Structure formats: C-alpha cells, structure tokens
Amino acid sequence: MLKIANYEFQSHLLLGTGKYSDFNLQKKAVEASETEILTFAVRRMNIFEADQPNFLEMIDVDQYTLLPNTAGAKTAEEAVRIAKLAKASGLCDMIKVEIIGDQKTLLPDPFETLKACEILLKEGFIVLPYISDDVVLAKRLQELGVHAVMPGASPIGSGQGILNPVHLQFIIQQATVPVIVDAGIGSPADAALAMELGADGVLLNTAVSDAQDPVKMALAMKLAVEAGRYGCAAGRIPKKTYASASSPTEGMSTVES
Amino acid sequence: MLKIANYEFQSHLLLGTGKYSDFNLQKKAVEASETEILTFAVRRMNIFEADQPNFLEMIDVDQYTLLPNTAGAKTAEEAVRIAKLAKASGLCDMIKVEIIGDQKTLLPDPFETLKACEILLKEGFIVLPYISDDVVLAKRLQELGVHAVMPGASPIGSGQGILNPVHLQFIIQQATVPVIVDAGIGSPADAALAMELGADGVLLNTAVSDAQDPVKMALAMKLAVEAGRYGCAAGRIPKKTYASASSPTEGMSTVES
Amino acid sequence: MLKIANYEFQSHLLLGTGKYSDFNLQKKAVEASETEILTFAVRRMNIFEADQPNFLEMIDVDQYTLLPNTAGAKTAEEAVRIAKLAKASGLCDMIKVEIIGDQKTLLPDPFETLKACEILLKEGFIVLPYISDDVVLAKRLQELGVHAVMPGASPIGSGQGILNPVHLQFIIQQATVPVIVDAGIGSPADAALAMELGADGVLLNTAVSDAQDPVKMALAMKLAVEAGRYGCAAGRIPKKTYASASSPTEGMSTVES
Amino acid sequence: MLKIANYEFQSHLLLGTGKYSDFNLQKKAVEASETEILTFAVRRMNIFEADQPNFLEMIDVDQYTLLPNTAGAKTAEEAVRIAKLAKASGLCDMIKVEIIGDQKTLLPDPFETLKACEILLKEGFIVLPYISDDVVLAKRLQELGVHAVMPGASPIGSGQGILNPVHLQFIIQQATVPVIVDAGIGSPADAALAMELGADGVLLNTAVSDAQDPVKMALAMKLAVEAGRYGCAAGRIPKKTYASASSPTEGMSTVES
C-alpha cells in the first residue's frame, strides 16, 4: 500500500495525462495501468475554459485521485500561484511542485522548489516536490515536512531510465516519507528497477503516451511495478563476480559409472 | 506463446529445480511462477535411486514439461551420454545441452557444445544449447538445426543480470529459433529487460531459490517476464539525450494573466 | 591551460593531501603527479600547532598553489569561519567550499553551500564549491559568481568513478566557469573519462593515497588526465550500434583470384 | 614490455592502417602514437600492384613490426591462403587471424578461427586470433598454442568501448598468453580501462583514423594506454558503496574552539 499523508493507494503507479493525441486511447491506457493517481498540469488543463476539450471530462474523476502539478513554473512564486488555483478548483489538496530551472534538460531548481514547498506546507497543502537525485536536497525537504519526494530517474521524457541508481538508493535509504521515482522512465525494466531499489511508487507519462501501443505499455508498466515491488520484498540474491552452480553435481552418482 | 519444436507454452518463464532446501517451499515457488517448463540436472536427479528424495516426485509431472539438462558434463561425449539416459527414462525428448568449459566461471564450451548438438540432433532430440553470448556461435548452432539457443546473461548463479545487452540483442535480431536467456538473471528488472530486448523466454533458478522469500520472488519473476513481453510488443519510446516536456505549457493560457 | 580567476595552471590534475601514512611517499606521489594545486583541510592541517608534523612543511610551498578546503563544516557559518582562518594564515585567497549534509554518503548540502559561497564571494574570496551533480545547482552557483564548480563523480573516497556521466556533461555544457570533477575518481580511466566529457580538471585524493603504489598511481593519473584532455580536443568518433570495417575489402583484388 | 612469441615491444598500443584519407596525416598519427606494431589487411594492401599508392611505402617499415591480418576472410581456408600470401611477401611471420562470421556486426567466427589457427600454427606462423569475448574460446585457443588472443571490446569501428568488462577480465585472469583488446575502442578512457583490467595491449584503428584530429587522438591513445598500464600496476582502490573521508576531521582541533 502506498500512503501519502492521509491518502492510501493500492497501486504504486502514478500516471501523467499529457501528450496523448486521442482521449479514447488515453482512457484505455489509464484503465489498463490500474493507476489510482493521475497528475496533470494545472496550466495545461483548461479548467476555466469550458469550450476546450479536456481529458479529465472524459473520465469518472471520482475513481481517481487527481494530483495537480505546477509544470510551467520557473519560480516559487509561480508555483504557489498555480497550486492555489488548483486548490480553488476543489479538485485536490495535493500538489506536485515542479519548478524547472533549466529549459534544455527540464531539470528542477532546488532553491525555488524548497521555497515553494515551505510556503505551500504552511498553507496546508499536501506537498510532493519533483527533485533531482540530490541526496541532501531530499533530506532537507523531508525535514521541512513534505509528504513525499519525487526524484527524477533522468530528464523528463528522455526515456533514459535510472541514470544513477546509487543516488536513488541513498535517497530511499534515508527517506522518512514515500519516494516516488518521477521522470525519465523508458521501459518496464526501468520501472521494475525503481521499485526493486525500494521506491514506493513510479510516476511516468511519455513512456506510455508515446509508446507505439500505449494501452499495452500501460499494462506492461502495471505489471513491472508489481514485479519490482514483490522483488524488493522478496529479497534478491547478492551479485557475485563468479559463478555458483544451480545444478551442483559434485559427489553425485555419475552417469559414467 | 513460446513455441519450441512441437511444444507450445503460455508461460515464457522456465525454472531450474536446483538449490532449494525445502521441497514444500520449492513447490509453492514453482506454482507461484506459473512456469510450464522445469529444467533439472539428470546427474543430480536420482532417477534410478528410489531411496533418495526427489523434487520431481513431489509434483504432478504431467502438469509440466520437463527439460533435462546435462549439467556436470565437460565434453560432448558426456553430454550425449547424459541426454540418452534422460531420454531412456521416458521423461522428455528435449535436452538442454550444458557443457562447462571453465570451472571458475561455469561458462560453456562452444566447441563441445556444437559437437554434442550435432550428435543429438541426428539422434532426434529436441536440442536447446546453453551458450555464451557469442553472436556467430548462436548463428552456427541454429544453422545446425537446434530448436532454441540459450545465451547466458552472466555467469550461472552470479545474479549480475545482463552483462552485454548489445550482444544479446544481436543474437535476438538474427535468430530464426527462440532465444531463451539463461543464467545470471538476478532480479525482476533483469528478467523484464531480457524480454524487452526481444527474448522469447527466461530461464532462472538461483534468483528464485536463493531469494529470501522464494515464493514471492517467483511471483515477481512471473510478472516481470509478462511486463517485459508486453513492453517489447508495445514498442518503447526511443532514448533521447535531452528532455521533452510531458506537460508542455507553451502557448497555454497562463495563470499569471 | 586551466584558468581559475586570475590563476593559471598547466596541469589539470588537483591533488588532495589527506590519508597518506608516509610523508616521503606522499612527496614522491605529489611530484609524480606534476600537480600544481594541492588541497588540504584547514581543520586537519595543524597550522597553529607547531609541534605536530605537517605535510605542507615537507614541500616547497612556493611551487604549489594551495587550495584550502572547509572539510568538517556542516553549515555555511562553519565553512565561512574556516575559510577566514585559512585566509588569515596567508596561504591562499582561494577556498574550496565543502559542506557535508549527510555523514554516511559525505554528499554536500546545496543550501548551506550556496549560502557560504554568497558570503565568501562578498568577502573577496576565490570560491570553488564542491557540489553534487545537480545541474541547476551548478547554474545557480555560477550565476552567483563562483570561480569554478566542483561536482562529485561519486561519494568521496568510494572509487566508484563517474556515476552519472549525463548530469556531468549537462553541467559542463552549460558552464561559464571551469568544471573540476571532484570526489569518487577511482582509476585512470575515470579521470580520462571526466576530461573527455569536457571537464577542465580533476581533483582526487584517495585514488592515489590508497593505491597499492601511490607514486605509480600518481603518474598514471597525470597521464590519464592528459589523455582525456587531448582526447576531448581531438573529437572522438560517435558510438554506433553496428560495426564498420576498419579494413574494408569490398572491391579489393581478392587473393582467391 | 609486451612480448609476443620472440618479439618484444616497449609500446602496448597497436595501430590499424585502414580508413585514413591522407597518408601524410596518417604518418603523423602513427608517429604520435609511438606504436611499434602496425596491422594491415593483406587483401587491402596492394602489395603486388605496384601502380597503386600504399601507406606502407610512406613509412620506414624497418621501424615497425608489421602485423598482416586476414580481414575479408569468411572461412579458415581463405584466412590460411591470405596468411601464406603475407608470409610469401617476406613482411612478417606474424598473422592476425580475422574471420568474420556475421557481416552486420563483423563479429568473428569461433569455429573457422580455431580451424585456421590450428593450420597456421602447424605451418610455423606466429598466430594472433581476433575473437569475441567468449572465455572458453580464449582458453581453447591458448591451449592450441596461439601466441596472443585478441578479444573485441565491441563491434569493429563502433566506438562503443568495452561492452563486457567482466568477460574481458575473465579472459585476462586465465590467460597464459598476451591479451590484446581489439576492436570497438572509442576513446582514451576505453583504452585506459582495457589496460587497467590487465590487458597486455590495445589495438585500434577507427578511434584514431576517424577522430576529428587523428594526430591529437593518437597522442591521447598513447598516453591512455600508458596511464592504464601504470594504473593496473599501481593497484587501484576497491570500489565502496559508501563514502570515506579523504580529509577526516574527527578528533581534530576544531576551529570553533
């Protein structure tokens, strides 16, 4: 079970809602993923523009927990403003703080993110910051009281998978709040690895939306997250340099005899 | 569906039967894996020693396809003798040819393996050789008529995962018979990756038998193989160096306005 | 040439001075490295305790640029105090800001580091912060005016090499000040890779001090840094998935004829 | 010193002679590399076509040991014929056996290679086979009496570096003859790593010939091979998961006091 603040989820897979060209396909992918949490960019959702189509109108929103994000924000001030707008809409009291500090890599700004989290926590939000895999940054944010940390695996939409499993594992080992790996997941093996390392959840978007078959990939991701979670709980074998026979035949009755 | 010669399987996960200390636990793990193919070392199974306990007696063998292997053989001659012994027992006409050429790494001998396959094919066996990830070796073996090739991911029991995904992918791309990744799988992410690369199946033993919780790990591996298979079929996104926004906000109505 | 503020160096290899058990051996290693910059922990050097041996007394300090560091500091305040102490000793106006935020991983604290840099820059120091490989952190620090950034390759003394070449390359590509890879270098190949990626320098300590033969390893590191620097300037070939003959024989007169 | 049969070399870098567009540039690159061994495709060199330009005419061949190779051969028979042609030319009694078994990956054929080596050894050649990184194949060839083994790092000309350092290290650890890493080296860091792993030499071509500045890259490779060789001899530090302070300050007089 994934617990974020007072919310509880059976699924450990979070899905973004951007980039799909076809709302029907998207709906099927969302269903195949069995996700319970959908994140969306407040700035992108035309909440207040009734004349434009919107994916959230397509689905039974009561079935999902909506996680608005502050995509598009470059400063704490902008992020706070977007978060308040989301809250005012009554959709959710959770907010994914996403403040980009570099447009080429879309990597997050640690300083503006910390500042925004501080303000939003005081305002009573449930705060989930998207961060780099800086271990001390994760530590400082959880000391501040954030409800989860969301380190990126690699740049948003790059599909490069987990560039630095060592940093990710350090973040997980010292975590006192859920760690949700966000951004950069490219394939089911990436998602499984994140969970095996001990992550509490995986958030992805492009890996499913831009796959050749988004519905099938959504299913694959669901299975991969479960596989990784069971794999983590099952306690994997250590890696060894040399071989160790799975069919030892020493001292066995030999067929030669 | 995995097709090997005239056999057809729903499951793409093959399980070894060595190394378990507790037959009841092993039985539960085998069930959780939903495997349809169990491999066992002919030399290890005390087929002809009725007084010794044997895992195969514990299970309903009709439910599984048994894949005897020649573990313990160091020469083609030994492997052929073991294969004939297996066939004589009436258990199966398939044989996994495993001829170790180096005791420290348990890596296979390409020359003795080719020789054994040649003989066994003439004798009418369904032949699945365990091999290194040498691309031309795989090619030569399938030209010879083997029914599947089983390249190792890393040394047997090492849990190092797929050391060389490039070679594995080359083998898969040129394959005209099923490619089953054998040996070295350590975790669900490894199994998922093998399938994503296009493998037709994954054979593992130690990763489950030596996990802290073999039953849970067997379940994890089942899910991982499915995840990887769907992931392969779904067509993953390409890896990109730079980021690509999953929540593009360019040209969006800004909240600042 | 490596230029940091008004300093110019022929060597691109910086050496730490900790961990050696034998000052004579250390002196030979330093000489073999041909480094021009030696970093030392102000707190460790018994500058004001004349009765204790000190490596800096062993060498002709005029031959080297001394780069005091703030190792041991956990806050900006402590780091600033150490930096001022170093400056007061008259040894150097450069300071490597090292503020550890996690004792297990010895990874740096981005917030205290930024704060310390801000203060020290105002006080006229030449400031070189040791940082994680957070891309936006590097950007913010150079906007602040630091004279170089020193991202870690992996945890101090771990010898794991460059855990995340992608982040390192992002830092280098956007850099307006020298990038010196600091911490985690384990072998000459690591040092060469750092320079190939475009780093301006490499700082290491344990890789030499704890090698079985520190003098030989110092020489190896000197050569590796040069190799990597020339390699970067020479423009390496792109990586290709498939082969490309270096001895193409198509259309050649064949020996068979 | 690199010893192959009765030959002794100071340099551990072997250079291919293909792919250069400009013989003058090539000559400078060869000189910068300080190589003592030049390999060339017998089929490519127009030994018997006096009217065509030939790089070997450009250099003082007495300064180099020429290592003819059988590039273009697809069978043992072809390779043997090419080797005999090379010997007849009086250039050298060494032969690099290169028999390609797959045109897309240019990976070598283990069976034809073994067969050719067997014949050429009987004919008194000094035999250096280019092979995959199959550990048992390397073992069988050295049992046969070859004078060095030349495992590929990755496909010829691909610049992917060492795809499988584990297999390479296994080959080196069991080797009784020199191990020369051949094919796939892309950058100085790759060359350094090969030597650090304990290789006796590195053979490359494309990495230098196709670099933007071949002469500078040749120098870089020379330095890298030396760096890796000294690094190997110096005994590198082990890799550790966690950090270990290079500037320990525990128990130090604190500046705060």
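In order of appearance the chains are A, B, C and D, and numbering begins at 1 in each one.
Following the convention adopted for this analysis, a residue touches a chain if its C-beta (ideal position, glycine included) is under 8 Å from a C-beta of that chain, and two chains touch if they have at least 3 such contacts.
Note that this is a predicted model, so its numbers are computed, not measured.
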| item | value |
| --- | --- |
| Contacts common to chain A and chain C (chain labels) | none |
| Chain at maximum distance from chain D, centres defined as averaged CA atoms | A |
| Proportion of interface numbers common to chain B and chain D (over half same, under half different) | same |
| Chain C and chain D, separation of their C-alpha mean positions in angstrom | 31 |
| For chain B paired with chain C, centre-to-centre distance based on mean C-alpha positions, whole Å | 45 |
| For chain A, residues that touch 2 or more chains besides their own | 104-105, 107, 155, 160, 166, 241 |
| Touch relationships between chains, expressed as pairs | A-B, A-C, B-D, C-D |
| Complex contact set, residues of chain B against chain D | 101-102, 104-105, 107-111, 114, 132-137, 139-140, 154-155, 160, 163-164, 166-167, 170, 174 |
| Parts of chain D lying in touch with chain C, wherever the complex brings them together | 16, 18-19, 40-44, 46, 49, 69, 71-72, 78, 81-82, 85, 98, 104-107, 155-161, 186-193, 196, 205-207, 209-214, 216-217, 219-224, 226-231, 233-249, 252-256 |
